[in-house]
Amino acid sequence: MAKIGLFLARRLVKAAIILFFIVLINFALIRAAPGDPASVMAGEAGASDERYVELLRQRFGLDEPLHTQMFIYVTSVFQGDLGYSYRQGRNVSALILERLPATLLLTVTAFVFALAMGVLLGTLAAMKVGRWADTAITTLALISYATPLFWLGLMLILLFSVQLGWLPSFGFESVGAGFTGIDRMLDVAAHMVLPVLTLGLFYMAVYTRLTRSSILEIHDMDFVKTARSKGVTEGKVMVFHVLRNAILPVITFAGFQAGHLIGGSILVETVFAWPGIGRLAFNALLQRDYQVLLGVFVVTSILVLLFNIITDLLYTIVDPRIEVE
Amino acid sequence: MSRDFWRAFANNYGAVIGLALLLAVVLMAAFADVIYPRSPWSMVTTPFQPPLSDDVLLGSDTLGRDIAAGIVHGSRVSLLIGLTSSAVALFIGVTLGALAGYFGGWVDDAIMRFTELFQTIPNFVLAVVLVAIFTPSIGSLVAAIAIVSWPPLARLARGEFLSLRSREFVLAAVTTGQSTTRIILREILPNSLSPIIVAASLTVATAILLESALSFLGLGDPNMMSWGYMIGASRTVIRQAWWMSFFPGIAILITVLAINLVGEGLNDALNPKLARKGRGR
Amino acid sequence: MTTSEQAVLALRDLSVSLPPGGDRPLAVDQVTFSVAREEILCIVGESGSGKSMVAHAIMGLLPEPYVKVAGGSARLNGENLFTMSRARQRAVRGIGMGMIFQEPMTALNPLMRVGEQIEEALKLHSRLDSRGRRARVLELLQDVGLPNPGDLRRSYPFRLSGGQRQRVMIAIALALEPDLLIADEPTTALDVTTQKQILDLIRKVQTACGMGVIFITHDFGVVAEIATSVAVMQHGKCVEYGSADTVLNRPEHPYTRELIAAVPHYIEHREDFTPKGQALLKAEAVRKVFRVGSGFLRRGRELVAADNVSLSIHPGETVGVVGESGSGKSTLGRCIVGLHKADGGRIVFQGTDLVGLSRKRFRPFRKDVQMIFQDPYASLNPRYRVADIISQGPIAFGTPRKQAHARAEELLELVGLDPSAARRFPHEFSGGQRQRISIARALALDPKLLIADEPVSALDVSVQTQVLDLLDDIRHQLGLSMLFITHDLRVAAQVCDTIAVMQTGRIVELGSCRDVFSRPQHEYTRTLLDAIPGQGWEIPKDLRHLRADRARRPRELSQ
């Protein structure tokens, strides 16, 4: 346990350092934007309001030298202050926090779905390598891998909402239905089906391919022969020897993919009007509300950092070799 | 070697189909002005014409523009941005990865921390922010996509260089007095090329997907017709006019699929040992 | 030798087919032999002889359907393994036979505790309850000579050394007291001293349980050490089969004779080397430390690879550096040739200290000190023609390309290859031929000192001798000095004038080849000498001639 504590501490320090640099990039982006930073930050709506622009100028210390500006910005972000949206008339951090749960619900569900299905299909394909089941799964993965998310979302809406009328096509829940308890959960779940499928399918394809190739690689290894020479049944060989080892690169990769998944939620939330930070970002984009956009940028990066720590932790639990390194 | 390569490639059904599809897309882009001489932005018929209407094969959009013309012209943006941004990403990635892998030590540490930083940032969010702040144009799109696409290439190149650096033929080059530049460029690089080529081809596919997603959000170059833009512009009318978003999406799907198939074919042909896995020894 | 009635395993006309398009249709071609209780049958052959395939076929581990049994039968206690049901096969595999593999590092599941892996077989095929199984696991770990069975049971394989892992493998194979143990080159990846322990262990458990053993190896020393009967395989066929005494001392088949003649051994008649003049190279108190596992917020630990190493090489002298893996012998070689920077001490080459020279200042010395590497498959750049590979050094030092290429052809002739080889690519050559190209490349710069880092350890025995002979021949012809790094004392004995024995980064003994062999001073040297397999066996006299003959005509080389 002490080892895990140490590991966690080390990872947190590392994450804090990375976060620091991300905030720096954020600062650089504001400065790099063409035009007066204060007007840029104010966005299209706020730029006409002299007082607001002046407020921004003071807040960022835009009359101060560059390094002071940087210092002011970084400390304010680390204190949880992501700025103020003139459009929405609210603090950016409050805006984001409010929408975070919906995004987390969507991305985590999609991730679990993608991972579970991916590992399952990948295993199935590897076990039936060269046969029709393998061909079918590989083809499905290949197509899912090439399908643009937003388009897939639209097509699913077209099929399941418009044509078949089975599932709701937008929103988090039925507005005004006044569901409570189990009913509300079911309602939300029904709303989630299409967004989760849309977001998850691409990553499912990724994990399917990865699992399949990883299993095929492990399958030839000596320790699998050892297990066979002990007279272990094929099923047990697969689960306890092959799959357990084959899953490691999948976990590593899943960690890397976290950022992509959260980025993808911008598209999915836009298509399905899902009230999360992705949709917030899209609206901010339309309104040129850069304070919000950059806030989303910082927060999603933090999510990725947290997610990476979780996958690393998972890895240390699955792989006993990690602690010595 | 190259004959074996072509034989292996030609034996791969998917790769051949992919190559054919890709050729079709390339021809479409090259001869867009011949196939549809009029600008894809011009109104040619009444809005909301379904597919197979009189003069518009794939229907018309909300402003009466020809969807088929849009698709043909849109292939240019996709290929242009996909290829140039991948080339830039490839250059950044391979250079950084090669330096990190070859020199190791603190150079490696610094470069890899930098790469990690870019891998942590959600790449699509960064691309959106970059394009939004620098106003959408071909240039900013290429730059943004390249900036978010290089880290995996850098990791791959680093891994290759790291393992090749301690290979005996590279050590032999050191002991026979070859210069560092020569060792990197003539001894290591050619031997690390095949996985990098494969990864680069997959990067092109991802870049095309990224470009279409950005255009879908309204961040495409406003002067060029693109597939993502067509879908984004018509998504609000999807209940009335499915064809407006359906066909451009199919175009993206086919192009990306074709590139992935070619990439996989390259992989199997360039790394025959890996390809034979699962087929016994 | 046994008749098939008393045999534990009787193999008849076993054939194993390869997928079409391979270099031959049958990996194993009608092989027949049998193994009785208490018998150790050694199957000997070089790489590609099909010896491993035999073992895999018996165990039912062939990568079907691509490689499969094409004919014949294998009866374990009278029951044909190839015709029984899958379920029965699994049961037989668990109870009747056990197998040990070559690579102990990869033969255990890295994610399962050692105890669990042994227990797995017991769970499947015995009636023991969990307490009984645990007791049995502890007993087995004890039997195979592992310390602290209680703790070890709960360890993961990565904590164990190669030798320990191989012991665990033996414990797994023995768990259900099988009638037959198959060992596929179980000691090839191990150091000599560990090899000796494992061989002793296998012999011990074999006598204790009265098992039959099939032991696959390429080393006739090992055969002499443990075999009761021997089958020699070449190109998938069994060319000679008989009792150990007959095959070792009165071999009949030419291939067997060739293999036995190629076994490296100490040659008595080598004259002691008398140094003349100044030393060409003097290493004084060389030290090299590696930092491993360091990274972000981690210090890593220090690994002293070479510590206080001193030796000198005179013109015309061949100094052998012998040691087991991790002894620092390769590190020493690489420090001298400038691939590693020594952290301390001096390496004086003809009066100049090479340690601490900048890359640029070191460069002129590169010409004088050249290296031959271990792995012939990794030491030549696959993208270049042989002529370019050999002439890369001279060209880098300013020789015109045309002249360098002409010289490359001469060198190819010198190392016993046809000059036309210059126009071909490395992949067109066999391992032994590639090693010759590697030697030609090293000679191209007219060096004064050659560092040969395990130059023959990746080669088959018969090729090994040829390359050794070539090296010996060339260094006499050109008056070269050589630092010969090897893990194999027998090989060192064949080419070296002086031998330095290294252990954990230090030289523990340094002396003439004759002294080290006949009057070893250090305990560790004695252990090493003692661990050489097959000491009781003398290579038949008539075969020593065969070897001497071939040494005299190094140009005629088998392809």
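Per-chain numbering from 1; labels A, B and C assigned in written order.
Everything below uses one rule, namely that a residue touches a chain if its C-beta (ideal position, glycine included) is under 8 Å from a C-beta of that chain, and two chains touch if they have at least 3 such contacts.
Note that this is a predicted model, so its numbers are computed, not measured.
Asks: From the centre of subunit A, which other chain's Cα mean sits the farthest off?
Replies: Looking at centroid distances, C is the chain farthest away.
Asks: Which pairing of chains accounts for the highest number of C-beta contacts?
Replies: That would be the chain pair A-B.
Asks: So what's the Cα centroid distance for subunit A and subunit B, whole Å?
Replies: Chain centroid spacing, subunit A to subunit B, equals 22 Å.
Asks: For subunit B and subunit C, let me know how many angstrom lie between their CA-based centres, rounded off.
Replies: Roughly 46 Å separates the two chain centres.
Asks: Which subunit C residues touch at least two other chains?
Replies: Touching at least two other chains: 63, 296.
Asks: Can you pull out the residues of subunit B that are in contact with at least two other chains?
Replies: As it turns out, subunit B has residues touching two or more other chains at 279, 281.
Asks: If a residue has to touch 2 or more other chains to count, which residues of subunit A qualify?
Replies: 220
Asks: Quick check: in the complex, which residue numbers of subunit B touch subunit A?
Replies: 14, 116-117, 119-130, 132-135, 205, 209, 212-213, 216-219, 228, 231-232, 235, 238-239, 242, 245-246, 248-249, 252-253, 256-257, 260-261, 277-279, 281
Asks: Looking at the complex, which residues from subunit B come into contact with subunit C?
Replies: Within the complex, subunit B contacts subunit C at residues 109, 113, 167-169, 171-179, 182, 187, 190-191, 279-281.
Asks: Enumerate the contact residues on subunit C facing subunit A in the complex.
Replies: So the residues of subunit C touching subunit A come out as 59-61, 63, 90-95, 97-99, 101, 103, 106-112, 117, 120-121, 124-125, 156, 158, 169, 172-173, 175, 293, 296-298.
Asks: Spell out the part of subunit A that touches subunit C in their complex, as residue ranges.
Replies: 10, 13-14, 220-223, 225-233, 240-241, 244-245, 318-321, 324-325
Asks: Which residues of subunit C touch subunit B in the complex?
Replies: Against subunit B, the touching part of subunit C is residues 19, 63-67, 295-296, 337-339, 363, 366-367, 369-371, 373-375, 378-383, 392-393, 396-397, 438, 441, 444-445.
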